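Please go over the structures that come below.
What follows is chain A paired twice: with chain B in the first complex and chain C in the second.
What follows is the complex of A and B.
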């Protein structure tokens, strides 16, 4: 509750500070301070103290899983602000509004991670989506940004329509939006409506997290949006919608006792295949990362496939590892003059720190041991093995992880083994130290993943 | 009137909306079709709400709710749809300023 209310208040505060403060550095500092406050307040709530105690009539339910995810999302956003806030202030003139919209998105994130009613799920998803349409189109004179915004908007509202139809059918079958009531009356009443509704709900959520075959908007939107905002979209937002999906599956699908597992397995395999194979053929690193985010969504789908304690630990680790690494890579990418693979040629000589940290991030995304990405993938696959059915999916996922090594290592090869003089924007020493810190955290958690997971239980 | 008639009308409106989104090329018409989908859902929710109210009046069925929250949901959908219209029309106007067209076939610059 703390995070939901405070993030909305901070959004309004930043909108007003846009009127009174014209200094961009000052606005950046206000946003960073607000983010620190938000993270602190959420950690306080994890320890059992609520600043705002509101009776939500069981529409929201705050458990450790959701609160821990909130903390991860807020920490990742804080890191994103520290690394990229200066680039956010360069996108356009409405600096305060960009920060305000990001705070509103975080409000939606906190709703999606704690909903206990389909109404709150719908509101959370919309509070995430609508500011994102604006951020995608924030580079107003750039035709690619316009196009990405329109495409994202049309696809997003279309999938919202499908989601609402699903919710309406579930309501028709059960007479309530509350997940508890739906789970308690799972096999009573009008089953045909209920399953049709669940299917539509699943399709619309698959749209939002870009699961194949509903992924086709993702590369275009991620490519066209300003790079700083792509970073936010591809990491924190995507992980948040996955957490919502896990909650939904945990409570409704797992108890409905139907053979939804085969369907999820097919979606997972399709996502892994499409994401990895298409990423190989990309010429631009930004577009490659867009496809790689589809491929990573395929791994996150394992959390839906096998609902057990392993998969919950796995999705938390995955959200953290993927967010850290991708925010880091995008922070470096924003500084590059040329986004193609050739643009990275010889980066190791011109900017050794950037090249070394980017290597760590890419290794983590590929799932090489001693990085957090390895344990994230390990937990996901272990949960699928533990659930005991459809083992072919595990082998297929390992095969696809091997394929992903090819395109991640292509960047490393460009940076270290190719001749060239990669050009970057001027980079401050604070930025370098921060990247080194992120890389250190990735390696540290790759050795001791329990440092995060223990918070799930105590 | 039986509930089935309402469901048929709502599904028909929803399908018209979906087909419109998939086949039309004008951004504003696509947008109208999406609104049609949302309003089909509104109609369905209100019809279900009345149906659950009738169920609640029948003591043999023992349902937990009286169906009021379905109508409440409709208000939220209206508010969210209004917010979406604001953002969506702004995006379409921004697009029109740059390309002097609202045809979505213009949207092919991002392919490679």
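What follows is the complex of A and C.
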């Protein structure tokens, strides 16, 4: 509750501060301070204290899982601000609005992680999506950015329509938007409407997290959007929609038989295949990361496939590990002059710190032990083995994980083993230390994942 | 306490070396750290030889019930001794090699040492998997950064290949974890009784990882290229120690954990091992590159060990245990010679060399002893190991084809003698040529390194008992699990 209201207030505050404050650095600092505040109030709420207490008539439900995810999302956004705020201020002239939009998105994130009514889910998803359309097109003079925004907007509204249709059908079958009521009356009422509705809902959410075959917008949008916003879009937003999906599956799908498992398994396999295989052929690191984010979504799908305690721990670790590593990589990418693989040649010589930390991020994305990415993948695979059905999916996933090593390591090869003089924008020492800090956290959590998981239970 | 020291010493020194730029200083620190590890290991086998010093057990990941559980039982002692003995020899014998960023090179070497020691000491499957990968990653960077011309393609193949095996192993371990009621402890794994189908599935997944690592024919294709392209000190680690990780995996995590499937699939794997031995021996005979020759000979020797594991008997298993150590130091000796030749003449082509015996008598004498050990002459350490393995394969009640395996194995021993002696003949005897006319004998560090190896060869060849008694418990346990006692 704290986070939802405060993030909306902060959004409004930042929007109006654009009128009174014209200094970009000042705006940046206001945003960072707001982010710290937001993270703080959410942590306070995790300890049982609500600054704002509003009766939502059980339309929202705040549990440890959702709150822990909020903390992760806010911490990742804070990190994102610290690493990339300067680059955000360079995108265009409406700096205050960029920050305001990001705070509005966070409001949506907090809604999605705590919805208990399909209406709230819809609201959350829309609050996330609409600011994203704007951010995608924020580089007004760039044709690719405009194209991406239009594409994203058209496809996005289309999927929103599908989602509304799905929710309407579910309402028609059950007579309620509330997840509790739906779960309690799972086998009553008009089954056909209910399942059709669920399917439409799943499809529209799959679109938002770029699950194959609903992924076609992703590479163009990620590539066209200003790189700083791609970073935000690919990490925090994607993880948040996944958390919403997990809530949905946890309550509705888990109680409605196991027929949907095969469908989810096929979606997962398709996502892994498309993401990984296409990523191999990319020449630009930014585009490769767009496809790799599809591939990573495939792994996150495991949380939906096997609803159990492992998958919940797994999605939390995945959200954290994936966000940390991807925010880090994009922060480095923004500083690069050339986004192709060749542009990274010899980065280890010109910017040893950037190269070393990027290596840690890539190893984490590839799921190599000693990084949090390993435990994220581990919990996902273990959850699928535990659920016991469709074991072929597990083997398919590890084959794809091996494929992913190939393209992640291509960047490492460029940085370390190839000759060249990679050019970067000037990099401050604070930026370097932050990257080192992120890499250290990735490794630390890769050895002691308990440090995060304990908050799920205590 | 000993396990913790063994891991922390190389880990911390390795990390610290990244900050030390002076080359001589970095070399001294690396050598010193490896010597301290060796001293700790020796202390662990003598004055601290009790359970309190040799085990370490702390909780690690509560959510998974995984523990920091290290223990130095007999087999672990043998392999940790091999590791801690090899590293100072590697550092000292390659003292004069020149590499750019030498401190990082040495740092990564020490990090891989920490990983290898962790693999050999882990009694918890998750921990085992961790170190299994930790040992690999520094080696990937070492080979890719300092290797030969084709290093980038070759090492990514090596990495992807072994990573694939590792992930299959991970799934196998996860299945075992759920079978064992949510425990990763080795002690719980060896108490399991599973249905044949489950055991088979787990067996195949683990066996794939180990087969790639050892490597077993036909999963060996990464190995000759990687050995050739890696800088020789790295090749030393790969063949002397890392190949043993696979055999170790068979003996620790496969045979006692899924005994029925190991028994059932034994003949298939033993046949592959024999085919691999013959194949590698024939290819080795045709090699002109010293590194490739030793690489293929290594496949043949490892094949014999795989054969003895999959056609098990007490004598055979004991032979494998001691041969893991023997093969490690013997092949290390071979690589030291290869390194000397490569550094001196800038070539590894057998056809371009000749007549070294006149110019470098000390090198020749030491090499001949190592080479004789490599082809298992009596009085040398490898004779003990290989004799016991052949004896074991012939007497194994687990297979009906013991005689056929043994005959094929003996043929590879003969072929081994052919290509090893031919190599010595061509490189060291005959007439000197323009390249070798001005050769000098080896420097003191190489002499000392080879001398240590020669002493170990003869010592174990004459008194193998102390080593054999280390591993008898585990051999008995494996046979007991397989109902072969």
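By our rule, the second predicted complex is superposed on the first by the 457 of 458 C-alpha atoms of A that agree within 3 Å, B and C clash if a C-alpha of one lies under 4 Å from a C-alpha of the other, contacts with A are read in each partner's own complex, and residues count from 1 in each chain.
Note that a contact is a pair of C-beta atoms (placed from the backbone, for glycine too) under 8 Å apart; a residue touches a chain by one contact, two chains touch by 3 or more.
Note that the structure is a prediction, hence the values are computed from the model and not measured.
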{"item": "Partner chain(s) touched by A:382 [first = chain B, second = chain C, both, neither]", "value": "second"}
{"item": "Contacts of A:58 with chain B and chain C, given as first, second, both or neither", "value": "neither"}
{"item": "Which superposed partner A:22 touches (first chain B, second chain C, both, neither)", "value": "neither"}
{"item": "First, second, both or neither for A:141, with chain B first and chain C second", "value": "first"}
{"item": "Dominant toucher of chain A (residue count), chain B or chain C", "value": "B"}
{"item": "First, second, both or neither for A:409, with chain B first and chain C second", "value": "second"}
{"item": "Partner chain in contact with A:368 - chain B first, chain C second, else both or neither", "value": "second"}
{"item": "Which of chain B and chain C A:401 touches, first, second, both or neither", "value": "second"}
{"item": "Residues of chain A at both interfaces, chain B in one complex, chain C in the other", "value": "none"}
{"item": "Chain A residues touching chain C - in the complex, by the definition given at the top", "value": "313, 363, 368-370, 378, 381-382, 385-386, 394-395, 398-399, 401-402, 405-406, 409, 413, 416-418, 448-450, 453-454"}
{"item": "In the complex, chain B residues that touch chain A", "value": "7, 10, 14, 17-18, 21, 27, 30-31, 34, 37-38, 40-41, 44-45, 48, 51-52, 55, 63-65, 67, 69-70, 72-73, 76-77, 80, 83-84, 87-88, 90-92, 94-95, 98-99, 104, 106-107, 109-111"}
{"item": "Chain A-facing residues of chain C, complex", "value": "60-63, 129-130, 133-134, 137, 141, 144-145, 151-152, 156, 159-160, 163-164, 167-168, 170-171, 174-175, 177-178"}
{"item": "Chain B-facing residues of chain A, complex", "value": "119, 122-123, 126, 130, 133-134, 137, 140-141, 143-144, 146-151, 153-154, 157-158, 160-162, 164-165, 167-169, 171-172, 175-177, 181, 219-220, 223-224"}
